[in-house]
């Protein structure tokens, strides 16, 4: 499945740099976030995006300002790729008033409406109709904005998949459904969940042009979304992209993932999306290892600063909460 | 400008029409609402006026329609999603309860969801158990939802216009029996704010609280009781959430006796909640227990007589008012 | 689309007779039922099955005792084909105590559990998961019973379609989903409801063997269901059959169906399922026109007797109702 | 046979295990319940014992799972469908409300639906707005559904066993905080009939009604109040539908004062309904307004302190009891 970048040595450095930095930022956010979780600083669910960075990175990088995304319970990566401020994300995880949702939402509900991110979601599958709705709003107001909903193999067995995508299709919306097929829903394998594991076929059966891409290759995802987004803006939407990938960890921080076979982990580790983004930089630009190491350091520093910021922040008080509720 | 007598369904159409004309973000989707003008003709003519982009027929996909409406609202549009029967809204409960109602809080107040679900409930015409429910209590219990139940053309228009200008998800619950009822509606522009009960008839002996299709029945009961010199105050909350407890408590302070009538089943209904509030906040005002006249604890049967027996009729309301009026303090009481 | 019976002149007379009588009984029930409705004897919704008789007839005739069906809002035909007593059906429509549901249910809720009919349904799409549930119950108790859910083009855009069929597929249930594609949901055409009007493809996208048949040909439906039911009993289920058809009337008794173009009505009238069943009798058996006319007379008499029976029956009293509710 | 102290989750497992052993029609489906033994380990070991036919993992398809369960029940099986969070049951509301609850009536009593949905609700652990709801009121309002909310291992086992032997759809609502709590459970066979409240603590000054995870808090409050000589009677209805009004009214007749505590939001909750019944049926027994201690009118926030503030804590219950006890008839009252 891993393939060479589609167009040889021809990508602009700015693009490759952005892709690398985004993927790496997600990697750092998740790895360091897990440490914060283990230190007891984060409560609730934490579903790491480790291993799937290519998808959010490739997809969001291909979008324009004004476009929308709708995300999942595994939403940190999408949020970062869509341009969120790391410190506001960390503050949210730490339940602080300076967080994206003032600590009301947490990991599963971070939204960044200013950036067009309609939010993570605690309900598997919900992002599909929500994203279609954003695409519908765009069409009604005559905007050519595109909406990408990130969804999952598990969600493709849920009724929201059929209903949402079918509505997008009959209305020719600027909508792209990205199925992140990481081959598991918690510990349930995709083979146990459906007979037809080529999920993109479900899109075809609704008359939606659909295809599979290597979900560990940020450029493959970028190309697919760029292509679909362009076609959307020409009135040819919607599209479905199935991006095949694999988690590096268990389902959430407390899941050891013992059901994940070593060979598969190894196979995908060899196709690590962050490494791949890095290799693209080395292969296609003049950037040196040292320069990339400097990027890394910057990214790590940004995260460290975010933690400092978040820890120094206060929480919404019960009084403020009750005051807010008076208008609820 | 003059008042005219128009039907409830026309009042609803005027509200949608005026707000669509005023705000390009307003649009409406539903089954058979465009070409066919809707099962109750509420949307008749809107397709011709506003075009296919803003007036759309949908497939039979209630969860999807509601979800799409919620998503569009989050993205800043003002969708109206028409669901043919409130019973079918159960297919979209997830989107209503977990998404629409919670988004504002979950985003710390930054996200808003000006989503309107228009639908209708109640018994009528033998459409049986899956097309006759009164489910307002389900929405009423969910923080973040506004629940609106107009009983007259005037209220219907004013409340729907207001709904289209505020920023929270609204369950706009019409009644299948009311669409063809008539009432005075001004020509000119007006809106009715949420949370303002309307005293549909003033009275001094008993407070009779009713909404939606129970209001005409309450009014009929009041008229009948008036013949016996009983003065009934009919309070129509119009919006259940927010609930105008002020007006209700003021009326109770005056009458000391309360009957609440709802078409929905007694158990766990909104009437129980209103009763619980009154007894908590006006305990010493009450001269008799609050009496609830409500639907039986049953799905609605197909058979006409059983259907009628399942929901409050005018004589039931009359009897309940007489009962609370003639309520004597039992001998054995302290 | 109309095709000749698959196997020439080789069908047993008993089968053809059963098919004709069933189709004709449905035809009479619906035509006469509409008259009762117009006379004000029936309240609520009445969705005639006129024009679709081949589907219920062909399918149920192919089933065995102990098999289940789940039906739709347009359910009279399925109920009859599954062996219901006409008088109990008429009594139900007339709100009588002697009806299948004692007058509690009406047209949209007639069930005949003894015959394996899990009931009509007022909720479009609900029959799919319900039928899958019956198939699951059968599998768990080691029975080889087959369940057929009749569903509709409209329902195929509803989430229940995806969720139900996918569960049947992963569990290899003895389940057959029959989509009665009559090309409308009320007045909304199938082309307005979906881009891909070949609905059977949705089954394929879930790994379920799926095909289209002529829904106006009772033998084509019979053959398809017989075949699928046999394969189910060999552990090869589930299956999906899309039966293309057309209503003779509007959506319900009060819908004039003015949106239905004359050419289409004419096309399907020429392929009328009851006529077709009749022609099979004439072509493949020794039965004479006169003998068939005698069947018809019998069927009409049965309906007339049913009306007499129903009209003479009493209704459940409010007291009895309240007594029943004490246990509810 | 002796009693043992076991956990709530173990009691649930024993109930399922024993009933699966006794009745081949009983089976269970859910997400991750087979291989993984369930998120709360309730179903651990059942796959090994009863095999893949009767213990099945499902895809993420709550509407489908619930629908399939209802269909299987109609066809005579006894399915248990485990839904991970009650919040997700909203996806299957149509099947619960329109199919499971109504089938018996719609078929004139001939059809039965012995379908059990096991799920869990309530706050705990920062799982935020879409994983923390207490939604019993939604099911309570629907005629035809039984609503069961056990607070102890003993009740959990006895009620679940009973549920698996009766013939109506049951919403079996567990609490995420209770799974690892312990209690005495006999070794031997027993069932607990629906509609029998349990007096968890006898007392004479105030009736404190609580269910599910509010029972331990009510007990803690009662213990604290006892230190001040206040005698609190804690009544746990155990099943909300059917509701044992007899036991409740008998307690009220004795104490004359009532506090009801629920984790769910105040508006439109079951507590309101119970209050409305008490005030209607025991009006002259009451020496003070019935006080409801309930969740705030809000989706549950992620932040720990705000989460805690959103639902009743022991001090809230203590304060409410003191309030109804020291309720003085206001000077101005008649």
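For reference, chains read A, B, C and D in written order, and residue numbers begin at 1 within each chain.
Everything below uses one rule, namely that contacts are C-beta pairs under 8 Å (C-beta built on N, C-alpha and C of every residue); 3 or more make two chains touch, one makes a residue touch a chain.
All of these numbers come straight from a predicted model, not from anything done at the bench.
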Task = Specify the chain most distant from chain D by Cα centroid.
result = C
Task = Tell me which of B-C and A-B has more C-beta pairs in contact.
result = A-B
For chain A paired with chain C, centre-to-centre distance based on mean C-alpha positions, whole Å = 46
Query = For chain B and chain C, what's the span in angstrom between their mean Cα positions?
reply = 37
Inquiry  = I'd like the Å distance between the centres of chain C and chain D, where a centre is the mean of that chain's Cα atoms.
reply    = 41
Inquiry  = Using the touch definition from the top, which residues of chain B touch two or more other chains?
reply    = 59, 61, 63-64, 87-88, 91, 94, 98, 105-106, 128-130, 143-144, 296-298, 301
Request  = Two or more other chains in contact with one residue: find those residues in chain A.
outcome  = 101, 103-105, 109, 121-123, 157-160, 162-163, 166, 170, 192-194, 316, 328
Message = Touching residues of chain A toward chain D in the complex: what are they?
response = 43-45, 95, 101, 103-106, 108-109, 121-125, 154-155, 157-159, 185-188, 192-194, 259, 315-318, 321-322, 325, 328
Query = What does chain D use to touch chain A in their complex?
reply = 31-32, 35-36, 57, 59-64, 87-88, 91, 125-131, 296-298, 301-306, 309
Query = Which positions of chain D touch chain C when the two form their complex?
reply = 24-25, 27, 53-54, 56, 58-59, 61, 63-77, 79, 94-95, 98-99, 103-111, 143-144
Query = Across the complex, what residues on chain C touch chain A?
reply = 157-163, 166, 169-170, 192-196, 201-202, 204-208
Remark   = In the complex, chain D touches chain B at residues 63, 87-88, 90-91, 93-94, 96-98, 101-102, 105-106, 128-130, 133, 135, 137-138, 140-141, 143-144, 241, 264-265, 267-273, 275-277, 279-281, 283-284, 286, 288-292, 296-299, 301, 329-330, 333-334
